[in-house]
Amino acid sequence: MSAALDPIRVRVRVTSPRLAVTLGIVLVLFGAASIGIAYVVVSGMLDGHWYDFRDLGLGMAHLREWLNEVNAGQPAALSAFLGDQWISYITGALLGATGILTFFGLLLLILVWVERRLIGRIQVRKGPNRVGPFGLLQPVADALKLIQKEVLIPIGADRFMFYLPPVLVFIPGLLVWAVVPWAPNMNYLDTNVGVIYLIAISSTATLAIFMAGWASNNHYALLGAMRTVAMMISYEIPLSLALLMVVLMTGSMQLSTIVQWQVDHHVWLGMLMPLALFTFFFSSTAELNRTPNDIAEAESEIVAGFHTEYSGMKFGLFYAVELGNAVAVGAFVAAFFLGGWSLFGLETWIPPYLIFAAKAFGGYFVLVWLRGTLPRFRLDQLMSFAWKYLIPISLLQVLLVAIEVTAMRYMHFPDFVELSLVGAANLAFTIFIVRAWATFLGYRPEREQVLKPTMAKQMGGLRAAEEMRTR
Amino acid sequence: MPRGPRQLDGHEVARLLSAAVPGAVTVATDEWVEIQPGRVVDVMRWLHDDAEMDAAQLSNLCGVDRYDHFEIVYHLQSLDQNHQIVVKARLTDHEAASVQSCFPVYTGALLQEREVYDLMGIHFDGHPDLRRMFLWEGYPAFPLRKDFLQIVDHHPGLPHFPFETGKQER
Amino acid sequence: MDSIGVIIGFYALAGLTVGAALLVFLVRNLLHAVLALVLAFLGMSGLFITLSADFIAMAQILIYAGAIPVLLVFAVMLTPHASRDNANSLFAPGGLLIGLGFAALFVFVAMATVWPVLDVETLHVQSFAGTVRTIGAALLGDYLLAFELASVLLLAAFVGAVALVREDEA
Amino acid sequence: MTTANEPYVLNIGPQHPSTHGVFRLRVVMDGERIQDIDMVIGYLHRSMEKLAEERTYTQNIPFTDRTDYLAAMSNNLGYCLAAERLAGVEVPERASYLRVIFAELQRIASHSMGNGTFINDAGAWSTPLMYMFREREKILDLFEMTCGARLTTNYMRIGGVAFDPPNEFYPAVNALIDELPDRIDEYTELLVDNEILLARTRNVGVLSAADAINGSITGPMLRASGVPWDLRKAEPYCSYDRFDFDIPVGHVGDCYDRFMVRLEEMRQSVRIIRQALEDLPSGPHKTEIPLALRPEPGEAYARVEGPRGELGFYVVSDGGPAPYRFHIRAPSLINLSLLRQMAVGASLPDAIVTLGSTDIVVGEIDR
């Protein structure tokens, strides 16, 4: 059959050549203008400073200095009334909020495409490729479609509680980005309780999800909400324990300090504490509702879980925040365990925020990869894994890390020796304790118990079946 | 008509059956055995338990409307002996047709009997869950009966081939 | 002399907290009341932030906005539908009385305590840098016994709860 | 979890990702545990058995495509065997070889779909399904090449097959069967040793051999329970007695065994196709039968080993041009007989996996 007669296999042209050329010219002009402006700013033609674009944090520091000058120069009456630093505060808050919102918005737009393309590649198909070049405009089309869709509210739903969750679930999704350490000096909220902030903020999403499930007046949604809550309660603990190990080792809850510790010691915490890395990552998949722990929205069982009844942009918000959180998990894995913005000295040459973004997206890619590969656990399996395996083993590991940290305080070997010893001890302990604990609880890997089908030549019924079994 | 490749001779089955369950067999041909509708469970249980018959599986169960009576056709399968037995039950009461359910012997009859009840309106005594299956509860008729929706001047079946004209078979 | 921002913040947050707390018992729907409670807790954590007590603020969010309401909602949801509204009950006058009593106590304590007043000049941002360290040192230093006792008590409660809920393996 | 006086009823379907069609399960739940399960079927009921009573024998062949729309070739074959037995029609040897080739191709396609959706039900997000669709597409291309249709093929005829495959068919099918074992190995690597999948499917929905036989379960489900029963060997039709192949038999009768039995059957089907292609005799592909086929009054029950189990056709003739009675023994429906027994007491995800492992096709359940 000829290709022309086969509508499915013919690539549908969405862009005419003229439109493409026009778009191309506009893009080139835009790019040239941007580069020109960037050159003027960076090269110091404007204010005599030479900006190193590898370090946006430096630019931020300059901005802060400048704002301090402005603060100092304000009339005394104003500063007596409003405080000395109010210009810095307000500018900082506005800039940060705008930055995070812009970043998050753009990120979501890109992620929809990235996720679908990646999953498509994993599933030997193409993924979205019709709207715009390489399907890049697909997220825009999706968003437009979602916005103009009617939002249905089920009969018997609690309207107020039904409207609230998509918004509420979005807030933590935005807030966690505040503490992300992009580069030296480049984090919006470098609070010294960063780790607790992270845990606290992410735990509030539970309530929103639970509200969504309850308000929908739908049995699937309620089941999904129950599962979410059960899972989040269980997996907050190993998550916190994993972060506790990090805090113990680095002696700080400030994210910039944690990254700086890794830079100073030329090591990634993930190498020192592989179990903590695994625990954090696995618990995060549970918190995120992503495969293999996506039981809260297990499509084949409870349709879409807590957001079954949401349509239009309300569904879109749930979907978007889920994607955004996936990258946030990648970012925190990078910050806590993969050395943040450092890359063994390369950060001098490559902009650190790019290194950080690469690591964050690497973590995200692993999540997508898992999603494309693994089946799903069952609720009771996940619960028993958390309570019977992850939490006890993590607790023991925390104990070991505490001992190591104390020992390191009293010994004065070179860093390299100390950390190698710690890493080796942790790895050995992890392997030992996992095996020992599994043996203690009587766990046998399923794959060792599997019997492959036998091949029969003779047909028969029950008698033949028994013969085959005894043989 | 030829039997299936591994179908037992009906006469042979009838001989053994009438010895074991006296009075159950009414007719026997070389294809099938016809039994009393009230003795279905007895016959099935014997066929199921007997080592030689060894009818371990109820392979197929369906009903046929013969205008004045119904036939329930049981295809029984022995897996170990690898033969097939065809048993029929004739239900003479066309209006209130009823037959013993063979669910006590074969759990596989659960859905098959429900299907026959649903589409043909034959009542199976002793079936644990006899409800309409494809059609909804309260549907007025039984579609597989030949008198389904008695439309004037409409006879069930195909009277002649589409290209044949004039010749009326029935 | 506080700057105007902190004052505005304090009153806004205090208004939010008190208003949300009022809503908790004014709202009819029990789940809405729980949400109002969460809002009140969030306002409290904001108040802690204006006092530069960042650790306590975060702990407030973690425990009172993250964990407790989930338990509350769970409890509300799994009770039968009839008891899901915040109806009047005989407990109201007594509760009001107890509440007033507590309020009076707090006002008295606040008024009667001689609060240490620090000089603004000696207060730098640096003096608030390490609340985590200070709290940690205090908990595991001066107040170690109390801390450990509280932990043991909580553990006992935990084990007791498990023992209560556990079904008999009869 | 819930109060005792208020049953928590969950309607799974008629529109649900795991019911694979319009099929509804009414599940009474206690928390995540299933207390009672009831099937509500008939959403796709077209009363084919009634319709067939007013169509000629040849006109009924397309109906059989539309019962089990994932295994149209097998359904065609089963019906044609019944009609041939009723009318006493002999089938040329080439036709019976071609029937075997297409039925086995159809089995591979159907098992690909069944296994893929089963893994999907277990929660793998479409990836194995898409992998298996890749091979299924090629098989459907072969069907299209031969008879012009991909899904509802309508290929078999009473007395043979409708068309001889075109010349391009042979290289394509040879390339496919050379490739398929590697592909099946790929699935095995991806899925069979996957700890999560094993944890989800082993000892879930267990069916003992005695229960399975008594419950009229047939096909891969019966074999997974450890009963070596396959009509292709027990009662060889077409020319299955001339090929060398094995019947995979499971051990426990759980969902994992069903999955594995299907996967192994795909390998065996490749073996059969290879042998059939090697010895494919020349000659006519069809016996000419009168268009106005009027079998003698009587009845015939013919069955084939379809991908889902014993696919039987019971055809009664009264000497007229149309069947007097036309009954399909639908394995999808009858394999559901014991669903309640398997699912009650299990948790919801287990029940979904169990339903997925029975590999239902709603078109065949409802007919």
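The letters A, B, C and D name the chains in turn, as written, and every chain counts its residues from 1.
Following the convention adopted for this analysis, contacts are C-beta pairs under 8 Å (C-beta built on N, C-alpha and C of every residue); 3 or more make two chains touch, one makes a residue touch a chain.
These figures come from a predicted structure and were not determined experimentally.
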item	value
Chain located farthest away, centre of chain B as origin (C-alpha)	C
Which of B-D and A-C has more C-beta pairs touching across its chains	B-D
Cα-centroid distance, chain B relative to chain D, in whole angstrom	24
Between chain C and chain A, distance of the C-alpha-averaged centres to the nearest whole Å	30
Chain centre separation in whole Å, for chain D relative to chain C (CA means)	62
Distance from chain D to chain A - Cα centre to Cα centre, in angstrom	43
Residues of chain C touching at least two other chains	none
Two or more partner chains touched - positions in chain D	1, 213, 227, 229, 234
Residue list for chain B, restricted to those that touch at least two other chains	56-57, 79, 82
Chain D residues within the chain B interface of the complex	41-42, 45, 47, 49-50, 53-56, 85-86, 88, 211, 213-218, 227, 229, 234-235, 291-292, 296, 298-303, 310, 312, 314, 316, 318, 320-322, 324-325, 327, 329, 333-334, 336-338, 366
In the complex, chain B residues that touch chain A	54, 56-57, 78-80, 82
Footprint of chain C on chain A - complex, ascending	80-83, 86, 89, 158, 160-161, 164, 191-193, 196-197, 199-201, 203-204, 206-207, 210-211, 214, 229, 233, 253
Residues of chain D that touch chain A when the two form their complex	1, 8-11, 16-18, 32, 119-127, 130-131, 134, 190, 192-200, 202, 209-210, 213, 223-230, 233-234, 246-252, 256-257, 260-261, 264, 347-350, 352, 356
Touching residues on chain B, where the partner in the complex is chain D	1-2, 4-6, 31, 56-60, 62, 64-65, 73, 75, 79, 82, 86, 106-112, 115, 119, 133-136, 143-144, 148, 156-162, 164, 169-170
